[in-house]
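Presented below is the structure to which this report refers.
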Amino acid sequence: MSINSALLLLTFYYVAIVADAMTAALAAGRRSMDWMGVAMLGPITALGGGTVRDVLFQHYPLTWVHNPALLLITAGASLATIAIARYMHHLRRLFLLLDAIGLVAFSVIGCNIAAEMKLPFLIIIASGMITGCVGGVLRDILCDDIPLLFRTELYATVSIFTGLVYMGGQRLGAPHDLAALAAMAAGLTLRLLALRFGWSMPKFVYTDTLH
Amino acid sequence: MSINSALLLLTFYYVAIVADAMTAALAAGRRSMDWMGVAMLGPITALGGGTVRDVLFQHYPLTWVHNPALLLITAGASLATIAIARYMHHLRRLFLLLDAIGLVAFSVIGCNIAAEMKLPFLIIIASGMITGCVGGVLRDILCDDIPLLFRTELYATVSIFTGLVYMGGQRLGAPHDLAALAAMAAGLTLRLLALRFGWSMPKFVYTDTLH
Amino acid sequence: MSINSALLLLTFYYVAIVADAMTAALAAGRRSMDWMGVAMLGPITALGGGTVRDVLFQHYPLTWVHNPALLLITAGASLATIAIARYMHHLRRLFLLLDAIGLVAFSVIGCNIAAEMKLPFLIIIASGMITGCVGGVLRDILCDDIPLLFRTELYATVSIFTGLVYMGGQRLGAPHDLAALAAMAAGLTLRLLALRFGWSMPKFVYTDTLH
């Protein structure tokens, strides 16, 4: 990876964890958690996807163990959200954009880590999805909700699509940087189109009880 | 293990993960998850017990990382369930049988892995129970339910019983294959009797609040 | 660590896991779980914090894999609670005290393990908090509650405070034993004062919906 594109990806990573921590703080506020709960839910949401990925693939030390400042940054972003919460609904569009940037950046980073470990292709795509999506699942479980991921618009789909463009581009001979940028641009476009036009997967509704 | 009994156990394993993925799809449908949610809940349920076991005992690489086709098989079984869901209530008895076969097969496989790692006897039994039961717990958490495991008929008990017969048989000098088959037959019998006669553990009902 | 203070910490550890398993049994009883569910929720609650810590920091084998008697002790304590549940509300104050002792003992033990692994200071404090608090979070998730940790009085705060006194004391040159005892005494005092006077963190209440 060139220095420029590594810097870009790193920038996106920090934007992503800060945006994730801030949306997690709002979820905590909807459940009337206390400030300590807010300060914990932010890091869990922002760093949880990468943590689960690293545990599953035995990729130690964990990112935040190696770089503990990530705990302070995400906890700080969560706490700062308390102060600016009253203005957050004006920033709704901005946060959806930041969240989408985070999703595609996490997906590329997750694929990249699995690819460097020489894991199989399917696992590389799964690694991107785990990195991009599991933090939000942890947030929803801790808020006692059914994870949004399982019920809403093309979130996991965007992650898989980003990973496929990223890995497919490299297989087709594209330089790594170009493949990463193209994948993030393509994934971001799909996500924003899905948000704009309300695209979603069909739902499976089943009412009989087996057990 | 002889080739024949290894093949039998492998067959049971595939029956078990497919049956688990299909019942997970129905649980997803009861919560109106979308198709992507269905395609994720199946593999999590079918492969989650073995994954937690392998992380706890540092038994890497995980089964589905080593053999990624398992992800496709379980996701595919979940998605196929959407198409045949309308007929599923006719298959209720069949699925309870497949689920029971899966439970005892998972229990034997889990015990076997811990035994090969020379872990203590209690941990071997626990490994069988984790392998057999944790996938369903993950499914219930992601569906925002109290895990059925903690509230219903002799599910974990069957897993422990299967493990005890399997390990006890080998300690008493039975060949490995015979012990595995006897344990699965005994566990399956107990499970089917429990279902048939509604056997269950006594419940602990406590209404005072400590906290 | 001197033999005396190691023994004291070990005693506190056993008091803590037994007290945790017993309060978990009451939580299970409030959800009408069956006896097997009670016997599982106790060990998960009592040993879950240390387990998550060890997985995150790749500190294998897990405590209960190395010492399986811990599974029997905690499962047994949970089951015994069923018999004495009717007297438990008389013991409310005693259990709050035992729970507080457990919290500070777990925190010191968690810090100590991370310190021996030469992990960074922030991670050492986080290790104490994970060890002290995550078991209760797992209990609440399995009971389908929003974790109390995120909503109530100074629980995680006490854990962080205990860790800071413990590590700070050693940095200031105090012998290890003295620092451990001072930290536990300070943490216990803060916890009991918080319970006595109803001290709590401010809550963050947010009612707008972003997603």
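Lettered A, B and C in written order, each chain numbered from 1.
Following the convention adopted for this analysis, a residue touches a chain if its C-beta (ideal position, glycine included) is under 8 Å from a C-beta of that chain, and two chains touch if they have at least 3 such contacts.
In this text, all values refer to a predicted model and were calculated from it rather than measured experimentally.
**Q** What chains touch chain B and also chain C?
**A** Both chain B and chain C are touched by A, going by the contact rule given at the top.
**Q** Note the rotational component of the Cα superposition from chain A to chain B, reported as an angle of 0 to 180 degrees in steps of 5.
**A** When the C-alpha atoms are superposed, chain A turns by 120 degrees onto chain B.
**Q** CA centre of chain A versus CA centre of chain C: separation in Å?
**A** 30
**Q** Out of chain B, which residues touch more than one other chain, so two or more?
**A** 55, 58, 141, 144, 152
**Q** With touch defined as at the start, can you tell me which chain B residues reach chain C in the complex?
**A** Residues 55-58, 119-123, 126, 137, 141, 144-147, 149-152, 154-157, 200-211.
**Q** If you look only at chain C, which of its residues touch chain B in the complex?
**A** Touch list, chain C to chain B: 23, 25-26, 28-38, 40-41, 51, 55, 60-62, 64-65, 68, 71-72, 82, 85, 88-89, 92, 95, 141-144, 148.
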